[in-house]
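See below for the structure under consideration.
By written order: A, B, C and D. Residues from 1 in each chain.
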Amino acid sequence: MNILEKEKKLSALEKQIDGLGNKKSVEKLKIEIENFKLNEMTKLTAWDRVLLARHQSRPKAKEFIDYLSPDFIELHGDRLFRDDPSIIGGIGTIEGNVFTIIAQQKGSSTEDNIKRNFGMPHPEGYRKALRLMQQAEKFKRPILTLIDTPGAYPGIGAEERGQGQAIAMNLMEMSKLTVPIITVIIGEGGSGGALAIGFANKMLMLENSIFSILSPEGYASILWKDASKAAQAAEVMKLTAYDLKDFQIIDEIIKEPPGGAHFDKEKVFTETKKAIVETYNKLKRLSGIELYYQRNTKTRNYGFLQRFNYDNLGGIKNDIHKDFGNR
Amino acid sequence: MNILEKEKKLSALEKQIDGLGNKKSVEKLKIEIENFKLNEMTKLTAWDRVLLARHQSRPKAKEFIDYLSPDFIELHGDRLFRDDPSIIGGIGTIEGNVFTIIAQQKGSSTEDNIKRNFGMPHPEGYRKALRLMQQAEKFKRPILTLIDTPGAYPGIGAEERGQGQAIAMNLMEMSKLTVPIITVIIGEGGSGGALAIGFANKMLMLENSIFSILSPEGYASILWKDASKAAQAAEVMKLTAYDLKDFQIIDEIIKEPPGGAHFDKEKVFTETKKAIVETYNKLKRLSGIELYYQRNTKTRNYGFLQRFNYDNLGGIKNDIHKDFGNR
Amino acid sequence: MNDIGKSISKRKQLKQKLNTFHEDRPFIKAQKMDVPKGLYELCPTCERTINKKTNIKNDYICSHCGNHFRMRAIDRINYIVDNDTFIEKGIGFITLNPLFQKGYEEKIREYKKNTHLDEAYIYGYGKINSKPCVIGVMDSYFLMGSMGSVVGEKVTKTFEYAIYKRLPVIIFCASGGARMQEGIFSLMQMAKTSAAVAKHSKMGLLYISVLTHPTTGGVNASFASLGDIILAEPNALIGFAGPRVIEQTIKQKLPDGFQRSEFLLEKGFIDKVVHRKDLKNVLAKLLTFHRGYNR
Amino acid sequence: MNDIGKSISKRKQLKQKLNTFHEDRPFIKAQKMDVPKGLYELCPTCERTINKKTNIKNDYICSHCGNHFRMRAIDRINYIVDNDTFIEKGIGFITLNPLFQKGYEEKIREYKKNTHLDEAYIYGYGKINSKPCVIGVMDSYFLMGSMGSVVGEKVTKTFEYAIYKRLPVIIFCASGGARMQEGIFSLMQMAKTSAAVAKHSKMGLLYISVLTHPTTGGVNASFASLGDIILAEPNALIGFAGPRVIEQTIKQKLPDGFQRSEFLLEKGFIDKVVHRKDLKNVLAKLLTFHRGYNR
């Protein structure tokens, strides 16, 4: 039973309450529900988290921004080609600190989803984000980015207008910034599309959000030639917040209520705000150059590999060379 | 008789030579031709110069580049939307000095003219120019720009993609550069389209090129509601090299042979090269910051206006205020 | 006073002069304009007749369709700047006639009388919801708000004054483009004003450009498009080439809404379209976001 | 040797070590590859049969249609770098299996044997027409030239070595994208390599990126697209999303030439499409244009 099925069972149980007249049996059912929530809906597989990260009712970036920064002013456009509605950008205060906020926005309805391209940015979205980040740099303003995207958009226009170049440019330019960059992955963190606004000093993740090189479906279909093995793929891909924390790819996990963020949005918003403010309070003590180095040092160390120490190898060196080919 | 009509007469006279058997009369006609050239084809009205600046046979930017920098490598694209063929950009050496060269290119044939959009850039052309100029800045390379355009392109795509913004951005960013920028107007220097690559330390002009806020036709039709008065407009607009030298808008005039540049291209190329190298040799003595200040000071002083010196006005001040309104 | 005393006093004077930076700074308050002649006018958008007095009271917004009428520079200042805070700067410029255009001087003189301005642009120090800034306003009633040498000079001085005072700049643009009558000098103002924006920006200072109907030509292709933040009033015509010239060139009619604020918002060139009623608050908020750094 | 002598010699050693920057720099010359098995192969463009030996002699360019075949990294180095000048850097990296993928280690071992490389990328010091530079080459025969931790690390070290030596970088890209088997670590190499380019660029040094068939995915969306100058071989597939994925998403066939070098040249993303025969000369010329400043 995956988490969505459990959610259905839960709501079925909750509906039963209405049908019961007996006070005692209501009481009993309520306890049963509570236990079900705590025991069943907290033990989540990686695939469960994938499902939650994509959940229709999961709070979207705009809701987060509304809570975090009630005075947020949205600013539009890349000043080059188009305003991309799948990325929201602007300025607002979070607990008195002015932030440049950039977020990937999935739609809240079918119509909105089409407008937002299901949260998949086009190159102009990345370029808008970059413009606003460079503006933040000019005004020495910290940057908050919220990630929620299935990934870059595999379409004609996106390729024609150079999405690869746009993502690369964002990564290069973000590496140069001297203001604090805080990233929170709030839902799906899909591939280069997510990373393009995620080159941060500190990367936080909601407990049931995911971050991966591609979708589990894509992974299964490429490596195993079978997209239906997505659930299996999710398990091996190490895409959950806990896995990524272990790998030191992310810095902090923001807890969610049992069943996922949509069960208590207010709580999730409060926790997220707390985590952002705490992180910012630590970062703001650093100078611009320290922030630059911190972000770059962290990134420099990404990787899982090994290297021979030649100085200690002595005679083995030659053997290795033989092994490695006829050089 | 305007210069084009004189040119026709000249070639008619030259054809007559073939028909003459008599050696003496050939000799006589040759002298007549020579006199016609020197006397008639050097006295040019402003409108004559407009016609020459637009002359079909006038050497185009590419021919200049081929002569100035035989090892020129053309580089393409704005890295955003499109490569604009109406602007050529690249790197090459001029007498051993590596230059970034940017030029507006009119077509040499009808087909080529359509490809080059008659030398009228789209926003992506200005953005390509800016990219290459910023690259020149990175590598501390001097910049040479050749201007030959009727102006910006009044079309849908050009407006949709923000040609106003693109021109403005070029002006702002060019003002910041710390490398020498030398501009040569080789034909038409039309409005913002020309200026967008012409914010230079030194501005040179071929003798029969023009530089103006809009075409004489446009001027006549806007101010006099009669486009046919273009020739008259040309006279009052002060668009010739000599007028602009008087106004200290340009720095130097490069002489052309009688009848215009197309009568002796080689000579024009040589003179142009000489002028560029001489100008560069002066500029290269300046440091980056000096170049920056020189360019900006020059620009700061553009304008033809007067201001009261209030300190010396005494009681007159109040009168003026009355004159100026009820403030 | 002895010689030494004189010398000290002279030096003091000199120092004071240097400090004031601008040769003059008369404290002149902008005043409410007179009601223009005629009681009624036609709204160009909904084509209904409107009482002019009502329209003025309604901040030049059509009560029927919400069309934003053009606003005179002085009205704009009264509308956007806190009462009694505006101090006009850089006055006393005189427009000359470099190309000896027949009738140009007379024209200018007439516009001066009719608009109570000495050119198509005024600027000064002022406060918006108590936030200090430098405010510049173009007046499209003055020769189409076209940019000649004086407008270019004053726009440049706007940024220079703001640099000196370390203040943000807000400019309300409204222009038909370049001042043809001043020829090449008008064109060169594009470079001059853009360079002024660059200098101001280099100091880390904020520049908000507000595009009102119409913002075209040389103004569009220079300082108007260079704001850190670019706002626009609804349905304002914004572009480099004028729509009529484009139609003549491409030989077809332009689609509805082409080159209008909302169109440019979609095309990525405008940060936000703001209704005139909200403008003051949005500007004040943006100024607050940029007062000093928060790290 | 007395104690003081020992100490000095130790310090000398230490200093030398610090100076050399990389822990190791074995001088290994790249060698011409063996002729692959089978005498003939099919040209994918013109579908004619070609003698492999002829093809190798012709620098892997189809003698019928000019199609540029993929080139092994070692062949590329032999082709582009002056004889006896290439010194490989940064060897000895070992690819690990962070996600415990079944069969991944075996796969890597096999590729190592077949390609004579230890990963899909090698780099080193070399000269092109006597101009010194740092050259990196991806090998698409090694697991599609995909970028995992080792490739990302070596690309990063390419730029670091070039910074240390104040040399330009030339990288020949050829990659199917990210190394799926290494999951998130592969993704993060995009940020890491892009940051390395930024550091190198900040020093005012030149980086030329040469895109060969195919350059897609994570490599396309990082260092491959960040060259000061971006060259491409003719008809190379270049893009972020693969054409098959796009076709599945938009449910229609892609036009001919989509995502090919010439297409991207027109779209403004490539500086120049260069035929393989001209590549060495163009690179040498560009290097000359950037050797020292001329002011």
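Everything below uses one rule, namely that a residue touches a chain if its C-beta (ideal position, glycine included) is under 8 Å from a C-beta of that chain, and two chains touch if they have at least 3 such contacts.
All figures in this text were calculated on a predicted structure; none of them were measured in a lab.
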Can you work out the whole-Å distance between the CA centroids of chain A and chain C? 43
Please compute the C-alpha centroid of chain A, do the same for chain D, then give the distance between them in whole Å. 31
How many angstrom lie between the CA centroids of chain A and chain B, rounded to a whole number? 52
Multi-chain touching residues of chain C, meaning two or more other chains, are 201, 267-269
Per-residue overlap in chain B, given as positions that touch at least 2 other chains: 79-81, 161-162, 165
Among line, ring, star, complete and other, the chain touch graph is other
Pairwise chain contacts under the document criterion: A-B, A-C, A-D, B-C, B-D
Chain D partner contacts - residues on chain B that touch it in the complex: 71, 73-84, 91-93, 96-98, 124, 128, 135, 138-142, 179-180, 284
Enumerate the contact residues on chain A facing chain B in the complex. 79-81, 127, 161-162, 165
In the complex, go through chain D and note every residue touching chain A. 23-24, 26, 28-31, 88, 91-96, 98-101, 112-113, 115-118, 149-150, 152-153, 156, 178, 180-192, 194-195, 197-199, 201-202, 218, 220-226, 239-242, 245-246, 248-250, 254, 258-259, 264, 267-269
Which bits of chain C are touching chain A when the two form their complex? 201, 204, 206, 228-229, 265-272, 282, 285-286, 289-290, 293-295
Chain D-facing residues of chain A, complex: 152-156, 158-165, 167-169, 171-173, 175-176, 191-192, 195-196, 199, 211-214, 219, 222-223, 236-239, 244, 247, 249, 296, 299-300, 302-311, 317, 320-321, 324-327
